[in-house]
Amino acid sequence: MILNASGCLDALAAPEVARSLDAFVTKTVTPQPRQGNRPVRIAETEHGMLNSIGLENPGIEALVAEKLPRLVELGVPIWVSVGGFAATDFAELCAALDERDEVTAIELNLSCPNVDEAPESAAEIVVAARAETRKPLYAKLSPAAADVAEVARAVQAAGADGLSLVNTMRGLVLDTHSLEPTLGTETGGYSGPALKPIALAAVFRCYRATGMPIVGMGGITTGRDALEFLAAGASVVALGTVLFADPEAPARVQAELMTELSARGLDQPEDACGISHRAAATTVA
Amino acid sequence: MILNASGCLDALAAPEVARSLDAFVTKTVTPQPRQGNRPVRIAETEHGMLNSIGLENPGIEALVAEKLPRLVELGVPIWVSVGGFAATDFAELCAALDERDEVTAIELNLSCPNVDEAPESAAEIVVAARAETRKPLYAKLSPAAADVAEVARAVQAAGADGLSLVNTMRGLVLDTHSLEPTLGTETGGYSGPALKPIALAAVFRCYRATGMPIVGMGGITTGRDALEFLAAGASVVALGTVLFADPEAPARVQAELMTELSARGLDQPEDACGISHRAAATTVA
Amino acid sequence: MEGVGAYTLLRVERGGLEPGVPGQFFMVEAPGRLLPRPMSLCLAPAGELGFLLEGVGPGTRALCEVEPGERLYVFGPLGNGFRLDVERPLLVGGGIGIAPFPYVAQALGDPPVLLGFRSERHAEAAVLLPNAAVVVEPTYVTEPLAELVEDHDVLACGPEPMLEAVRALAPTAQLAWEAPMACGYGACYGCSVEIDGVLKRLCIDGPILEAA
Amino acid sequence: MEGVGAYTLLRVERGGLEPGVPGQFFMVEAPGRLLPRPMSLCLAPAGELGFLLEGVGPGTRALCEVEPGERLYVFGPLGNGFRLDVERPLLVGGGIGIAPFPYVAQALGDPPVLLGFRSERHAEAAVLLPNAAVVVEPTYVTEPLAELVEDHDVLACGPEPMLEAVRALAPTAQLAWEAPMACGYGACYGCSVEIDGVLKRLCIDGPILEAA
């Protein structure tokens, strides 16, 4: 199953890309509309990119009133990513979405590096969100934690149904000439191929720590990459940065993944979930 | 000033490389000898590498008795990197080094991802180390923290004299064929070019937060990279992974750096320290 | 690939792509780089798409060195393009801002063109628009433009200071803006600019904006 | 570059490098990869260094595709090499383990050689050692070796299971081992292996170890 990573596709601007996905994840929505950060907001690095969009979004009211009805017409399941600065924000957002049948799942963005306010602890936010909705809740974590598996255990205990791994890491690019930060916000979120080994480690360790369903992402570019995320423990993968260079990536990655799977005698993506752990498990037993 | 990154050079095995540095940093030494982790211990990734050496070292006693006397003969200032699993370990190590005139500075490795035992908080360790030595203490931090600048402020308050930024991030590589983890320890420390934007962000933010002297490292390969670390706030840079592919890197990077500096009308590396912050500072004033 | 003064003309096979409306752009893969680069369509000969490149950084320099026969991933046309229902068009280009105008000029039946360049070498690119009036720094396009602006509908493309100056002279001009773009199709919100107090994505609501 | 059966022979100009003792290795830049790859010196014609490559992964495959004229960063010689003060040498190679032996054979005045390969195509590499006795799977080198081992001092290079089998037959053999290496000169501790209960770095204390 292939999703887009939140913030990396606007289904209304590119409906044909959204339709090539198994589900569409919205850009993170906050209680109030947000303008986002001042430009420059994106910068390429040698092996990835930085962004400092800063959660530009129309707010939950406009999302529900204006965008959701149009998103539904795409015929693709809709996941809504929600974000905020306090547990009460997340509670409010989940309450607003709980009764919308057109919303399949909610992703809690616990980890946006472009929003400076310190979030309350991940578990508290999940508890607050859980109280407001019975929809599947995916906690999206950053690898910028001393031990991401510990955070994963905490959000599981707090009532999350799954994990989205990983969000971006904080990074910096300096302008070639001035040596000043290229981004308007100085630092920004680092994504793309450079992140892959970090993301894979997070998926691998959180899968072992929790056994929860995981949406794996971070630098996925090919079917081989997708296979590795499944093997490490993801049940679903999401494409982010790759969509900018290749809007046809969902179909391509899906096809490449099927080729990789059948070369290994596996019938479907689910059969690959967690296979990196098999030998380890055997050793332990 | 160019150093090697701890664990990326053995001065006794490659004395001519060590002599091309402005100071030599030992591999992290622990109170007792350590065998390190079982193989496979290194794996290349697309844009970096993983290691799981696991602090293989002869222990502080052998270092002081057998290695230090030979290191001194190189005629290069010696920094000793120390590590352990409790603040008392660090205290013991610093006490053993405090009276050794041949040791110029001590680096506290607060961040090795290949040692599983949870370290006590960084600040506690610095306090314990500080109590045992008046030598310059550099706290080496990992970017795997929700806010590395906060950790930097804490170690400054605890008595550290400088920062070494950054250590590796946890990463995973899967074997092409088996899809099982390539490293014997499954995950390992991710270093090399992919880390550069993350490391630069850490240097930039910690410099602004503390104004402390910083040894900048993480993916430095060229003089341009070195210049960027200086501009972000490092006063010294260290070469790690690049030394494996290019033992002549210290002289090359130094020469390239001087070319970069003079193209900008700067006379010496110190003149570049922190220049990325100038415009920002102006804006604030 | 051919040199045109200080610029390079890149011609790719059209494949299944439409050339689109003049002023629209394509996202062009830059070999070895993660993100594609936005490029205005410059020429649309049969079966081909032509882009005029200025090598200013790693992406455009890599594109200037593409070898014949290499495959590049290109997608588009993107963005809105110029409104061509104008009565007395005048094309005003600064530097690489000449890029969209050969294709525009073809659509408009060779309207008058005013081009400014920073050196004689850059000015050689004016061969792409044989009837153009050309000025070279220290003269700026705004100088001859001041005399022509009354009687014309201006379509302008060039560096931001030039566009601001043109806007001051010609309040109804259509201006082709630039912003760093990661995707070019509305996916990343990287290109947001404030237009009349509202944030819009330049890649889908632009790159051509009415001056006003 | 030339094909030798299933393998590829890479010849580089020697520059200022010494060829070293037979059995030593060099770290060879693998184009596009971060880390260099350890390669035994295979041939040392005047002014050149020759390496025999098996394309097993990204690094060796990139090396097999190097174009004439490309520049590669190579450093060495590294490691310890074979002890050549043996009276009745017998070289035993398995697969790409043939690599160091042409240079060894030259130094020892064409001693007897026993080579094993997994297919006829791989066995074509035996042209590099014209007097060698060659077996192809399902026959293993250990079969003929069993008869020769009494009267010889064995120098062996090949896959780990082969080396283990050789060691069982010839307790005093010199064996050339492999381990993943990041640096090749003692800097990374990546290649540590346990030897007689002590960890040693194979790149500086090996790659040749006495069987015992």
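All chains are identified by letter, namely A, B, C and D, in their written order; residue positions are counted from 1 within each chain.
Everything below uses one rule, namely that a contact is a pair of C-beta atoms (placed from the backbone, for glycine too) under 8 Å apart; a residue touches a chain by one contact, two chains touch by 3 or more.
Note that this is a predicted model, so its numbers are computed, not measured.
Traced through touching neighbours, the fewest hops from subunit B to subunit C number 2. Among the other chains, the CA centroid farthest from that of subunit B is the one of C. Here the spacing of subunit B and subunit D, counted between their Cα centres, is 35 Å. In terms of their C-alpha centroids, the spacing between subunit C and subunit D amounts to 58 Å. Centroid to centroid, with C-alpha atoms defining each point, subunit A and subunit B lie 31 Å apart.
In subunit D, no residue touches two or more other chains.
Counting partner chains per residue, subunit B shows two or more touched chains at residues 45, 47-48, 193.
Taken as a graph of touching chains, this assembly forms an open line, each chain in contact only with its neighbours along the path.
Listed by label, the pairs of touching chains are A-B, A-C, B-D.
Per the touch definition, subunit A reaches subunit C in the complex via residues 7-10, 13-14, 17, 27, 35-36, 39-45, 47-49, 51, 53, 56, 176, 192-193, 241, 243-247.
Across the interface of their complex, subunit A is touched by residues 27, 29, 33-36, 57-59, 73, 75, 179-183, 185-193, 199, 201, 204 of subunit C.
Looking at the complex, you find that subunit B touches subunit A at residues 45-48, 50, 118, 142-147, 169-174, 178-181, 186-187, 190, 193-198, 200-202, 204-205, 227-228, 231-232, 272, 275-276, 278-280.
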